[in-house]
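In the two assemblies presented below, chain A is common to both, partnered first by chain B and then by chain C.
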Partner chain A sequence: MSASTTPAWKEWVFTTDHKRIGVMYLVGSMAAFVVAGLMALLIRVEQSSLGPTIFEDPTVVGDNYNTWLYFHGAAMILAFLIPGLTGFFANYFLPLMIGAADVAFPRINAFSVWLFFVAIILALMGFVIPDTPDIMWTGYPPYSVTTSANTAFYVFTVHLLGFSSILGAVNFLITVIYMRAPGMGWNQLNVFVWTTVAAFVIQLIFIPVLASAVTMLLFDKYLGTHFFDAAAGGDVLLYQNLFWFYSHPAVYVIFLPAMGVLIEVVAGMAKNMVFNYKACVYGGIFGITLLSGEVWVHHLYIAGMPDWIRVGQMVSTLLISVPVGLMVMSLWGTLYRSSITYNTAMLYAAACFFLVLIGGLTGIPLAMVSMTVHLSETSFVHAHFHYIMALFSTFAIFAGVYYWFPKMTGKMANEKIGKLGFLINFAGVNITFWPLFIIGLDGMPRRYWDYEMYPQFEPYHQVALYGAILIAIGMAITILNWIGSAIGGEKASDNPWGAQSLEWTDTVSPPGAGNFKHEIKIAADWTPYNYGK
Partner chain B sequence: MKGRLLSAFAGMAAMMSSATGWAQDKLPDPAADWDHLWFEILVDLFVIGGIFAVAAAIMLIKYKAKSPDAVGNGPRLTKVQALAWAFIPATIFMADDFFLAAKGWTLWNTYRTVPENAMEIKVTGSMWNWEFEYPDGTTSTYYPDEATEADKGDGLVVPVGRAVVLRMTSTDVIHSFGMANYRVKEDLMPGRITYIWFNPKEVKNSFVTCTEFCGTNHSRMYAPVKAIAPAKFKEWLKKQADA
Partner chain C sequence: MSEAAAGHHEHHWEWSWAPMAVVIGVFLILPLGFSTFFVYENVSLTIALCGIGTPILLAGIAKWVAEGLTVKPLVEGLAGVAIPLFIVSEVFIFLGLFASYWTIRLSAGEMWPPEGTPVFDKSIPLIMTVILVASSITYHVAEVKAEAKDLGSFRNWVMITLVLGFVFLGLTIYEYQHLLHMDFGPSTNSYSTAFYTITGFHASHVLVGLCIFIAVLIPAFKGLENHTFTSSAGVYWHFVDVVWFFVASQLYFW
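== the complex of A and B ==
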């Protein structure tokens, strides 16, 4: 296929190049991020004052608000965070990091991204059909079955994304196992590669459970089965068990690659080796993967589960802090005796050190069943998981995009605008979510647009709105900066940061088809973090 | 009421150390225990978080690159050092986990052990209001959108000084009975009966809010929870039964 005869759009849509597929994932997931972000802004506006704010009729507010909540949650998790990390980053950088020309099955890879786009279109169509979905991203029955709103679009979106992820998982696991550059041993992989492997192992094991749960939902609603219908001998809690059996591990499908990206950025910008690599990989990443399937009941602590399993999974949930702690030790240790250059990427990475502490530590009381009888389903939970998913993981993604921007585009991102965007974003996220911790502790329930019984919380919601407006401004600056710099940025050299990983040392910016111009051979003492001695 | 308490005292005295009933002054207070444990956890979190935050801040400032070409010089760990840097922190984290788990389990037992002689109230959640049924069959509800106080209803009214156990179910979708003031919450769903108990130890007005998403009026599904003096409660119950 020669470039002169094929139109540009065809080259992108029908590409089998992992880098272009990666960029398509980035564009798709950022589109989802923008739409779901606007939903968040609407939510904050509605909550900012007591009583109806955007519409006058409380019923209209209630229905619209629930649609925003549904779309915000579903799109941020399923269409932004997971595809951004395991679609974009894994596609673009994993083959480069292991010295491979592409993934094992490039056409299946192209099929994965098509499925992803069809899923996003399907999810967006939820807005234009008459009965817009309002079932929250969790889709709990009986509500999701009895509501007049549409449930099928949600189920089919999950099916398509799940199918896309399973294909991706098989593809990338085989790529890592068989296509590493000659000589590259398991202990020479980038930490990001390991986190991606773990994320895909988790996807492969747990997605079928989610798919079966939502399929049963579809059958209950449209085919008259009674899996979750207590009146006909079904069980309401079955769905929640199946749903969280996938959806808690899904948190690690997000957290692990986010941590991986962060460690790459920190090692590259602080020009230091990863501290205690083996503890990070075999203790941290393996430990989280092993424990991920034994902690789902902490999402059901107040759901009426038997007492014995609530206590048992309190212990297993608390123990997650051990492997997470080992990864944190490696992250912190990588700073020790380092040499840090502060560009926009490193600023986002530096912020992540504090965001992961707040998000992680506030998770500890939520791991304890006897604390959740008060904290569950309050703004405290909302703020906690936003610190991990929305702030930490998204900041890690932004750090990664800025870090690899020269590699992907061949241009340097504008640093001044980048840093301005960072400062506004960092202020915005903290101003938004700290008030929610405080009122959550006082009992502010989640998913409320009105809080007549708690008028004293109004000022906190107002402050949260100011923070959200700052975030909107910061995000707009950031995304415009990427687009502007990709078009008109200064030309970048092949390795502007002097990093040691293969994608920097052995490819041009941006890498062409086939990635490497020469054969890659890995020496026994090589690591992607070969700094210093 | 008084008679029951006296008999509880008498029972305890008779069985000496093996207490089978709770005396009023011995009635556990899960909400106060919750606050106490929360404070301990907060100290724990601030110690851990403080150490890591300060360490990060110091290193982020101290190791700023001296020149553009400078590279880091992190320590290459020997096998023993690497194992020590894995097992020592892991052991400390694990010790803290088990410490918290033990504390959490103890409080959990308080939450799940309903004191004897607790007053049992049946709670039924429906989209979008709560109904309370007292042992004598009297019911009470609350409709926040009604115009007058009388039409709205009284919500959950309980006497001070006696444990209250709620046996809860739902007629339609999942709801959750959250009383922030009493630090307790549990879901209600069709086909199962769940329970929580609380100790209304002083006269107080608070709220129960629905804390599991249940549709259009989820954020308006609440009711007052009024803890009143036992004598007043008797009056209220009689008035309610007559109505």
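== the complex of A and C ==
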């Protein structure tokens, strides 16, 4: 059967091609991003003034403040950041970067993306049912067991996304091990490929533990078991430990590919070799992967534990800044004596240099037990992890989308509108989150819908709301720019940036079925960053 | 689709409806079926969802298996390395459950076993162990027969394995009924919590393994046998067997 006899819609809807699956991941994760972003805006509106702003009573089960908090957190992390970075970027670009025609198991890949889609549908169905989940993205018992809201939808959303990620992990690890182009050695892989490998190793090992935790939660609530019921011999902290045993490494599942995307963008835009490639890969990426599973208890500093565990966790948490530092060093070093093109992709990447610095430096006091006891559950923590997770990682995704936009669509993105959107976004995120650092230090509790005991914080919340409105405008401009440019943009050449990685040098824009028109053979002295320096 | 295998040179867009069908089937049966039954207690809706979901799921699996047996992959034999990787994640899901059981058990100290626990009949888990080990051996014999291209013996040994597996599941159900009869249900105490969750989770793996064997067996009647598929199913089954040693030793004999 040749391509012409198969209807085009079937080739899209039932596709097993990694690039089309990648596009489906991008569309799905951006949809989750938009809905969860609107939830964040509603939360900021509610907090912008003392007392009830939108709702009289946010504790009524159903569509309320708590359900927004739940959906915002769960959707942003599980349905936007992780699938955006490991679903979209890995699917579209990893096989191209290693010179493969597709992934090892194309049908399992399609299976993964459909699991991801039904998980989003299930999460959105939470707003259709009367008892919308209201248990944050963490689902801590005992509340998640005793609430009259629907905990099952939360559990199954985690199951579907988790199964999708585990299969993706197996698929991509096998792809990288067995399907690299002939001659491609381990030191010739793109840094992004390495970060994706590390992220999938973490997913493979740690997701199952979260799956077991939420399964026990489901059984406790609906089958009457007693895993987390202290009165019947269970252990309520058990859930928190199992949850963070996955969910702390999940931070690196997001951070590592975001860093990988940035290094690709910076190397391509600065036309330079990646600085300290081996230290970055074997020190930075491997180091983070090894340490990622030993630091989860720092989420529980105030849950009650012996001091020796706290001190041990403090040391391992601080230790992880060493491999992170190695990766950041590569990021900066790549700029040294280079010729930088300041287009939209590079501006987003440059902003990430700043955002990771703020997010990283505010993490150090939070690693210290003595500081954390005071800062836990304040908006200082909220602002800290938003700088890393929300701002740094999202800007990295945007940098990547702008960088690879010509490759994916065959069109150039509009630079003027792109830069305008960037400036509004960058101003917006800083205006939103700086005030939260300040009031967090003064004791503003995070998550609260009302703070009548702290009227002095109201102006800061108002500033944060103005920032959030700016972000909404900036995001709308950015997303409309992508859609508009994909339809009516200027035609792009196959390698508009003059980059040296395989996806630019050896495929057309956009790449067709089968990716490469000829056999790829890799010379011993080839690197994806071969800029003659 | 089988036609797609013919011409990798002309490079057309590959597609298959099987993955989407399996996902839709799973989605209707598990999250929605569970929620309508346990959360909303609407049994007729549960029956409707499972009634629609099951044929879609089976059609998807049948199509997928058919494609797996006929479409040539880009690189052959990779499933043989993928299954061990997948088992790594299976190990960690069991570790999560065992860690919870150990935490509950060790923090109980002298209070173990908690009130309401009957005296277990230790002969049942011993019989189950013998049956499961035997089924691993019979499947290994089946693999040897398949390698010798003796499809008739292969089918027979797979069927013996299937019978042993279903006897194992039958014993699980028998034991559950026996214990429920003694008022030892999932919600009785912290021991029953761990007992039913872990043995039930293991039994669900046995069931999945048996379904895979059925998917291996049916094409074998048409003379179709894929070496990678057969041996991958075996690796998974041996894993289920090994896990049983931990389940039995930790829950019955400790």
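Simple rule for what comes next: the second predicted complex is superposed on the first by the 515 of 533 C-alpha atoms of A that agree within 3 Å, B and C clash if a C-alpha of one lies under 4 Å from a C-alpha of the other, contacts with A are read in each partner's own complex, and residues count from 1 in each chain.
Going forward, a contact is a pair of C-beta atoms (placed from the backbone, for glycine too) under 8 Å apart; a residue touches a chain by one contact, two chains touch by 3 or more.
Values in this document were obtained by computation on a predicted structure and should not be read as measured data.
Of the two partner chains, chain C is the only one touched by A:Leu122; chain B is not. Once the two complexes are laid over each other on the shared chain, residue contacts for A:Lys278 go to chain B alone; chain C is not touched. Contacts of A:Phe286 after superposition: neither chain B nor chain C is touched. Judged by the touch definition given at the top, the superposed model places A:Phe385 against neither chain B nor chain C.
In the superposed model, A:Asp235 makes contact with both chain B and chain C.
In the superposition on chain A, contact of A:Pro445 is made with chain B only, not with chain C. With the contact threshold set out at the top, residues 234-235 of chain A are in contact with chain B in one structure and with chain C in the other. Chain C meets chain A in the complex at residues 1, 3-4, 7-8, 10-20, 22-24, 26-27, 30-31, 34-35, 38-39, 64, 67-68, 73-75, 78-79, 81-82, 85-86, 88-97, 99-100, 103-104, 107-108, 111, 114, 185-187, 189-190, 192-194, 196-197, 201. Residues of chain A touching chain B in their complex: 58-59, 62-63, 66, 134, 136, 140, 142-143, 146-147, 230-231, 234-237, 270-273, 275-276, 278-279, 283, 302-304, 307, 310-311, 314-315, 318-319, 321-322, 325-326, 328-329, 332-342, 350, 353-354, 357-358, 361-362, 364-365, 367-371, 373-374, 376-378, 442-443, 445-454, 498, 531-533.
Contact residues of chain B toward chain A in the complex are 34, 37-38, 41, 44-45, 48-49, 52-53, 55-56, 59-60, 63-66, 68-77, 82, 85-86, 89-90, 93-94, 96-98, 100-101, 103-105, 107-108, 110-112, 144, 172-174, 176, 178, 180-181, 183-187, 189-192, 194, 196, 207, 209-220, 222. Those residues of chain A that touch chain C in the complex are listed here as 1-3, 6, 10-11, 13-17, 20, 100-102, 104-108, 110-111, 114-115, 117-118, 121-122, 150, 152-153, 156-157, 159-160, 166-167, 169-171, 173-174, 177-179, 204-213, 215-216, 219, 222-227, 232-235, 238, 242, 512-514.
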